[in-house]
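Pasting in a structure now, in structure tokens, and then I'll have a few things to ask.
When the chains are written out, they are named A, B, C and D in that same order, and each has its own residue count from 1.
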Amino acid sequence: MQDNNFKVNQHTLKTAISRVEKDKIITRGYNQKDLIEKIRYSDMVYLMLKGRLPSIKEGKIFNHVLVSFCDHGVTPPSTQTARLVASSGSPINSAVAGALLSFGHKHAGAIEQTMKLYQSSIDSLYLTDDSQIDNKQIASLAIDIHNEYLLEGKKVPGFGHRYHDVDPRADKLMNLVIKEGFVGPHIKLALAVEDLVYQKKGIRLNVDGANAAILSDLGFDPELGFGIFMIGRIPGIIAHIHEEKMDEDEFRKFCDLDDVEYQGRY
Amino acid sequence: MQDNNFKVNQHTLKTAISRVEKDKIITRGYNQKDLIEKIRYSDMVYLMLKGRLPSIKEGKIFNHVLVSFCDHGVTPPSTQTARLVASSGSPINSAVAGALLSFGHKHAGAIEQTMKLYQSSIDSLYLTDDSQIDNKQIASLAIDIHNEYLLEGKKVPGFGHRYHDVDPRADKLMNLVIKEGFVGPHIKLALAVEDLVYQKKGIRLNVDGANAAILSDLGFDPELGFGIFMIGRIPGIIAHIHEEKMDEDEFRKFCDLDDVEYQGRY
Amino acid sequence: MQDNNFKVNQHTLKTAISRVEKDKIITRGYNQKDLIEKIRYSDMVYLMLKGRLPSIKEGKIFNHVLVSFCDHGVTPPSTQTARLVASSGSPINSAVAGALLSFGHKHAGAIEQTMKLYQSSIDSLYLTDDSQIDNKQIASLAIDIHNEYLLEGKKVPGFGHRYHDVDPRADKLMNLVIKEGFVGPHIKLALAVEDLVYQKKGIRLNVDGANAAILSDLGFDPELGFGIFMIGRIPGIIAHIHEEKMDEDEFRKFCDLDDVEYQGRY
Amino acid sequence: MQDNNFKVNQHTLKTAISRVEKDKIITRGYNQKDLIEKIRYSDMVYLMLKGRLPSIKEGKIFNHVLVSFCDHGVTPPSTQTARLVASSGSPINSAVAGALLSFGHKHAGAIEQTMKLYQSSIDSLYLTDDSQIDNKQIASLAIDIHNEYLLEGKKVPGFGHRYHDVDPRADKLMNLVIKEGFVGPHIKLALAVEDLVYQKKGIRLNVDGANAAILSDLGFDPELGFGIFMIGRIPGIIAHIHEEKMDEDEFRKFCDLDDVEYQGRY
């Protein structure tokens, strides 16, 4: 301690996540021993993030969401970064960290941005319990959103995919929420916007757009939407890193000398 | 391209994880549409990492493992790093990446190191189908391992915990594998070593030691053991980051001026 | 390659930084052999970032800027993260990466934000070659900026420091640019704003505010201002990591069980 | 605080780097105000890492070393990772962090490994002040090292370069240390090993091998060698990130669908 101005360090941290006692861990109000024995891992993820266990239906839908993020081959920048870092001989945690850093606003930001759009739009309504009235409000809101983006010449977030006309994940997710009777206002809004965008541009919801609507109806905050995307994608990234470390013995590269055009001074 | 030495760039990458076609994604041999509808997220993680779906029993055990890694409050360095990075206003993916970088060999390396020990030990045996003979071999192996570490005065990896005498997670996991009839040679070895270490030092298996044995009996490579730990822990880390961003509005710090003793020159 | 739709991969990357030939490397138009022999490292940094060597005066000023970022003890979140990651046994590059991730908008964003403010403000003027006219314009601009922040009740970026009334680095830097005759419009603006803020609030320019003005007068883009801060700070961070790895043998922590207040359910 | 077992938090951190007082910062025994005015940035880096200022000759040599690490175009995995992360829209600090994570043992580990080899070898000698005797000892040591690697069929660390027969940086550095009279035992050893490797295999010292010898003669610890490499390279990496963000508006990729061969099940 310097001089005489001794102060007791005040680092008290308030948390509602876990309480660690000797030989006992309480997490979100449950003894971890019981959680380990009794609950599904997807429900555990829900519990960690929301602070309560899901209902059976919520748990089922949330499980679909997590699975749907699993992998899109080596096409995403994040997966390519993971393999590039792994190929340099760095440890697996560094390669996963590298992948996460590639989730920039152009890549993984879409889900958070789309959740913000859906949630701020729905929050602006005064929803009743009469689904006919609400559906009309939502249909009118969809037209507003569509027109706004159309006028500004901007892409509606959550729509279109570089490799797919119909993103098979979004298609399946939307079928499942309808079949399983889990269609809240955010999903209704996403479907209403899709009708308009598809009529006008032939473009459909992608996996981020579909999950943004579902996670909003599940009551998740947009930032956690991004977190849930990471949780769902990391097992795939780890599979790629492991494959890279097992199969390849040289530096991965995206370009070599012959691909480079020097435009500076000589 | 420079000069005339044009070469076609050979980046062909071989992968057995996913095949992306227009409007269709095949992952580990399954159509993702079917996976999204039908499988549990914990089985999806297993499928990504092992390349095949688990049996019912494997799936159940693997689910216990994933849940058991969920959270240990704010005590681990990785969780503290996550909160420290988040408190500076960095985005959530950066805070998760920071946490992963804190999984150094002193912190999260234990599970990989323990899996290597168990697997290299068991691989040195010639296991028969006669459990009596095998159990004797394993008991003798446990004595060798115990003596080796005792002689070198080193800590046996996978044992002891700073906060617990009986790590409740290890205790529950070992009860479950016995109850559910999933006790392979690596688990037998861990239990045999525990008997010796407990007699001599009063120290028990921790969560890393228990999971190292279970994941080895499930056939996972040690590096993937570290990967599975990360998968299991990241939802907890994201919960901490979100709590930090919601609740706290100042820099988190582990020391301030008064905690610092300057020992350099003046 | 899949199917028959073979395409030559087009990764051509245009760069003006370096051209690598067999046994020869040209960087920003210079042979690296000559650079290694002849130039100061601070001028090399300038050359890398601006694409040309500095004048003697620019080089001198830029050297002051780089030195001024060197270290602020263990108080910044980034330095604390570096030591926290290092204490877990992670490699030195991971610890530096962790520090960089703690440069969130609350911590290191200040310099970029301040450069944007100064540059957009000065860009809005029509500067003449008559310093009397220009000084009047700048004085009037300073009043506008000051009033705007005052009205909104917001902190003017680049001012005030948690530990200092007079940030010794800002003070010295401003004295040096005056003494060495390097006072362009952005520095004039910063000094004019300081007069107003100091009169009203007793608060002075900090190291970020001073350097934001100087780097703007040197013609650097705001994003590069953040880059230059990182370049200047990293040697200090590496010194801290090395000290941590040499001197300390346990986990660094910012809180332990007794500092935690669990507010969740039981 | 939990229960009654209140403990004062003991975070006292001992450091010899900086002492922060109100309005005054002492770093390595110097007032930062004086450092900002008077010393070259390369000497500041030396001071941070070694705890003392260099002699004139040491400062000159250390400046050569820092400049020599500046850039090798887009060929290194770390630079490619930086551009890949930047192209996803992540902030500049994340892109630099990504680059650092690509400094795996295959890429940037060479300098640390080579420093360890040189330092442990020289430490095994009993050096006198008689240069004739010492040179003989070192020549004999070089033969031992060369034979050992030759027998094991392994590459001597610090030798050979994928793009260069004569690495121009190593060549220039070795000429400079001879010309400037800075040839200590580690440099002598590196040159003696080079004679043998070149005779046998036609391979020469690379930039890592040359700098490993020079930094060892300057008295740096191997881990700091890796740190100095990072310090020297980061300005180049930041130049690449900035170029990427300015010039390119799409995702950088190292492979697209047509480059991928799926070898899994259908």
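As a working rule, contacts are C-beta pairs under 8 Å (C-beta built on N, C-alpha and C of every residue); 3 or more make two chains touch, one makes a residue touch a chain.
These numbers were taken from a predicted model, which means no experiment stands behind them.
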{"item": "Steps needed, at fewest, to go from chain B to chain D via touching chains", "value": "1"}
{"item": "Most widely separated chain from chain C, with each centre as the mean of CA atoms", "value": "B"}
{"item": "Same vs different contact residues, chain A with chain D, by half of numbers used", "value": "same"}
{"item": "Intercentroid distance (Cα basis), chain D paired with chain A, Å", "value": "38"}
{"item": "Distance from chain D to chain C - Cα centre to Cα centre, in angstrom", "value": "23"}
{"item": "Residues of chain B touching at least two other chains", "value": "1, 9, 11-20, 73-75, 91, 94, 97-98, 101, 103, 163, 253-257, 259-262"}
{"item": "Complex contact set, residues of chain D against chain C", "value": "1-2, 5-7, 9, 11, 13-20, 22-25, 27, 31-33, 35-37, 39-42, 44-45, 48-49, 63-64, 66-68, 70-75, 83, 92-94, 96-98, 100-101, 103, 108, 163-169, 171-173, 176, 221, 223-224, 226-227, 230-232, 234-236, 238-243, 245, 247, 253-262"}
{"item": "Residues on chain B engaged by chain D in the complex (per definition of touch)", "value": "11-20, 26, 28-29, 51, 91, 94, 97, 101, 254-255, 257, 259-266"}
{"item": "Residues of chain C that touch chain B when the two form their complex", "value": "1, 8-9, 11-12, 73-75, 77-78, 80-81, 84-85, 87-91, 94-95, 97-98, 101-107, 109, 163, 251-257, 260, 262"}
